[in-house]
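These notes are about the structure you will find just below.
Letters are used for the chains, namely A, B, C and D, taken in the order the chains are written, and counting of residues starts over at 1 for each.
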Amino acid sequence: MAQPGPQTEVPIAGGVVPPLCTPLTPERELDVPSLEKLTGHLLGAGVHGLFVTGSTGEVGYLPDSTRHRVLEVVAGVSAGQVPVLAGVIDTATPRVVEQARAARRHGADALVATAPFYVPTHPAEIAVHFRRIRAAVDLPLLAYDIPVSVGTKLAAETVAELAADGTLAGLKDSSDDLDGIRTVLETVDTDRFLVFSGSETMADTGLRLGAHGLVPGLGNVDPDGYLRLHRAATAGDWALAESEQVRLRGLFHLIKVGMRRPMSRYSSAIGAFKEALVARGVIEHGTTSVPMIPLDEAERAEVRRFLVEAALLPE
Amino acid sequence: MAQPGPQTEVPIAGGVVPPLCTPLTPERELDVPSLEKLTGHLLGAGVHGLFVTGSTGEVGYLPDSTRHRVLEVVAGVSAGQVPVLAGVIDTATPRVVEQARAARRHGADALVATAPFYVPTHPAEIAVHFRRIRAAVDLPLLAYDIPVSVGTKLAAETVAELAADGTLAGLKDSSDDLDGIRTVLETVDTDRFLVFSGSETMADTGLRLGAHGLVPGLGNVDPDGYLRLHRAATAGDWALAESEQVRLRGLFHLIKVGMRRPMSRYSSAIGAFKEALVARGVIEHGTTSVPMIPLDEAERAEVRRFLVEAALLPE
Amino acid sequence: MAQPGPQTEVPIAGGVVPPLCTPLTPERELDVPSLEKLTGHLLGAGVHGLFVTGSTGEVGYLPDSTRHRVLEVVAGVSAGQVPVLAGVIDTATPRVVEQARAARRHGADALVATAPFYVPTHPAEIAVHFRRIRAAVDLPLLAYDIPVSVGTKLAAETVAELAADGTLAGLKDSSDDLDGIRTVLETVDTDRFLVFSGSETMADTGLRLGAHGLVPGLGNVDPDGYLRLHRAATAGDWALAESEQVRLRGLFHLIKVGMRRPMSRYSSAIGAFKEALVARGVIEHGTTSVPMIPLDEAERAEVRRFLVEAALLPE
Amino acid sequence: MAQPGPQTEVPIAGGVVPPLCTPLTPERELDVPSLEKLTGHLLGAGVHGLFVTGSTGEVGYLPDSTRHRVLEVVAGVSAGQVPVLAGVIDTATPRVVEQARAARRHGADALVATAPFYVPTHPAEIAVHFRRIRAAVDLPLLAYDIPVSVGTKLAAETVAELAADGTLAGLKDSSDDLDGIRTVLETVDTDRFLVFSGSETMADTGLRLGAHGLVPGLGNVDPDGYLRLHRAATAGDWALAESEQVRLRGLFHLIKVGMRRPMSRYSSAIGAFKEALVARGVIEHGTTSVPMIPLDEAERAEVRRFLVEAALLPE
């Protein structure tokens, strides 16, 4: 087993940082060979970082032991080539600090934490929360703004305050609030504070507004697409970035294949990402966590048709 | 140390089942002597059960090791006198199953679990969630309906379906939806399915509608009051139950002492419960978890005035 | 035509005050003969008041001219026998004042107004809103608390403040917050401030908590049931009140007949009430306003089966 | 008085279409001379259209007679130079149809209507709603997507369906959902369906994504800024558009001047726009509708400082 750890610490940087899917066996154990292959597939494409145990990685479902093993495997394969960011997702500060300490031990180069959830929290308490995590674990800390899961939006004022005092090294925005991203970018030192957009469909716009990087779930399936988009944006070729985005917007409709049946959009989206990775030969099984509803054969065929149309699979 | 465990399994029953506060030292470690004393204080009053690691117990803040220790301590003191119910609070099924297994090992007689949170979930998935927990751990399972934390209300239809097939042994309602409680009571076998109201302020109404038990956070502070209310209700003396409820409604305003300052209502309420327990000589410190805002001296004095008015403290 | 107006002013009182359906012709004009018959049907049953242009009366759909005509017709038939309350529903203060003035002209004995909606409003502005309406039109003013429509819940503190200074004569609660009703009843002078529960299914509980009256939409269909319930409650026979409530709870499931098709629960509920009135021979047509989806033949038959089961229709 | 009406019908087009403030006298009557001057101020700047009785125009507060007079005054001053769009804001279809008929009579060239609000509505019913309005009044109809007021977001599928069948001629987006705007633009015939962004702060991004026009409330205060931004965008000079946007983003903070006191953000924003128009000599009074809280002297001074900084007022 690779022995990752803080000694291999790698500075986080912008660019394309896909939130890795977590491959499972049909018995719903971690499928380590598939995870290694997925990591290699992304590194081979040239991604700038790897984000593990995020929403796309089914973090809310994974037991701690699985979260740790995921991190070890990915940090081991990456071996310092690119920074590994770890989602440290739990309800409130003492539990998040425990997650953060474990993530550091298991090879994280940076931490991504939400505001408290489940417990009702005041903005003044949110600032305390991030400060305590930062004080407890000496790794760069990014705030994860994901209102659909946390129930509240991180205020731009709170982010700015925590950027100014060095608590936060960055923001991972999954709120689809581009105006908010712009406000944050106006109020932080953009040389020292990195903003990542979690949007699959507005990545070009996010970069144009000044975001440093992208964390698209669809980047598991088509990392080359997001890398082309990012290169075009970096070169100032916005027309090319936009045309790549238009193509990726079309492909992204694959997340809806299950929505004609009673299931959460999450079951449909994660199921579709995993099925696409199976179809592309990257992972072994499309299995998702309990209690997500598995895609049926017709839905899986529809995923493959999306890939054929996108020329990611031969006809 | 007491060696609690499933061998001391006690059938759950209705009645007054306070959700225990979790006493902390000023360093925010578990204050075991205070927890033992609190447990004794409640058992001495004659409560019918003990609910640990619920919202009043700051479960969202407690690391797993603390959750386990709380359970061991309380189950050790109770030693089979009354059933010990444990909140097994985590984001989705595999994590909740781990919490449930640990709770069984550490002495729980029954489990109390919410629907998944943080991860978007469809009603069909919620049914799968509870069935998997029940199949994984052989203890009575109660659903915990707490929309303010989970983000969604448990549908009465889902509860009825899971009651009928034996998945759920009961419901702990913290949704303040008395109409919903009534609907559940109309659709389940009330000899085999127990409904607990989590309301401090509508306990008499809940019992009148047929609820089997009460889980009032304020029951930490004034267990005698809720026991009198419950006895009156059981005897059919609704006027007496109501007059006790009116008194407890007045006392319950102590949860608002902090609300003139920027803090969550949770910081104010848990802080007030703990300060009241300190004032009554039950626990040692009023310390609450990070990132909750501590009450200040004026607010603590206001808590004591509430107790004096309620004749729970000499003038 | 009767010439209603303030000269026939009747003091509002508690009791059963059904929110009248607004019968329409197939061409969606006001069906005056049906409305007269409905009014007579309710007066004949012995109701204590009549509430027109509320949610059950499709007020959100009715043009002003129809609202006025409804009021004239009902006030004309009632002719001072019982007070006629009018919903004066509009987005913000100047528009509500116009509605209120018109309602007074067309025969209202009291006004029922919500907080502003559509326009974002601060609690401080809500108090100004009610004070201006009361100052502009000299009729008793009730606050209508209906969060599902308005988007916010009226704070008990605001109600208490506006009760104390004489702005409000009462509250019509459609928030299903029984704890809130109890808080209001604890903080107002219950001899001068009347609380009405809008719940069909918790009417007995509302009365037990001290509410003065009931405004149940289902009271259009079965006024006798709610009157029996109210009489039992007034006589202190809570077991009888409860058994009547249990029966009415069963009948109330008729509002769900349309919910297997894509329509709002409002289309289903209002459609069911009107179909039941047609089946009982009270009104001529089940027509509802645009854009509500009409019930189909199978759904209408299901409504009739509910009535047969409730012995409101011969088999 | 000008005699406006459908005979002066003007095709709607993209560009800058400010949503006019509605000037009031201190007695809260319509201030006609100020409204004429405001209209002239905007026409003189070169705006491409005028949008009356929108949210910035306090439509939720204005009685019908005032709404009609506003439209007459503005249509009269414009006299066919640019199209006049009218918000026809009411709770449900029959009431909106009445508003639409009146707007046509009083000089509107196009109508802007929301989905039903106050009444719970199903998406299938929303489609019926727009079709009935379009069928009833022969003017171009735009959907107004303003979730903060209506409570729900218009689904892109519904907009696409109603664009395809000719019901809708366009969309006025006040949802700040740029991804949604992009989806609509991908699915409609952009030669025949116009998309307007209501954002003050993301106007450049909206135009870059293909939106046809802008409806910025701040355009009352600084029409020249938005016109420069729009001209730059039309010329493909995105850097210039962006720098103008950055300046306008700074100026837009003036809407927060009142937020340190208890008032709605609406009171603060509309108050600030009107105070700025007073300071620039365009209108006479800063009066806003009841129950909005008026700005105090310090807040008004702060508005003027914003204008000085933006070089819209001499120091």
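To be clear about the criterion, a contact is a pair of C-beta atoms (placed from the backbone, for glycine too) under 8 Å apart; a residue touches a chain by one contact, two chains touch by 3 or more.
This one's a predicted model, so the numbers in the text were calculated from it and none came from an experiment.
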Original post:
Which is the least count of steps on a path of touching chains running from subunit B to subunit D?
Top reply: 2
Original post:
If you average the CA atoms of subunit A and of subunit B, how many Å lie between those two points?
Top reply: 36
Original post:
Where the CA atoms of subunit A average out and where those of subunit C average out, how many Å apart are those spots?
Top reply: 51
Original post:
Multi-chain contacts in subunit C: which residues touch at least two other chains?
Top reply: none
**OP:** Answer with line, ring, star, complete or other to describe the graph linking chains that touch.
**Re:** ring
Subject >> Inter-chain touch pairs (all) >> reply: A-B, A-D, B-C, C-D
Original post:
Which of the residues in subunit A come into contact with subunit B in the complex?
Top reply: 28, 55, 60-64, 66, 89, 91-95, 98, 116-126, 128-129, 132, 148-151, 262-267, 289-293
**OP:** Spell out the part of subunit B that touches subunit C in their complex, as residue ranges.
**Re:** 176-179, 182, 186, 199, 201-202, 205, 208-209, 238, 246, 249
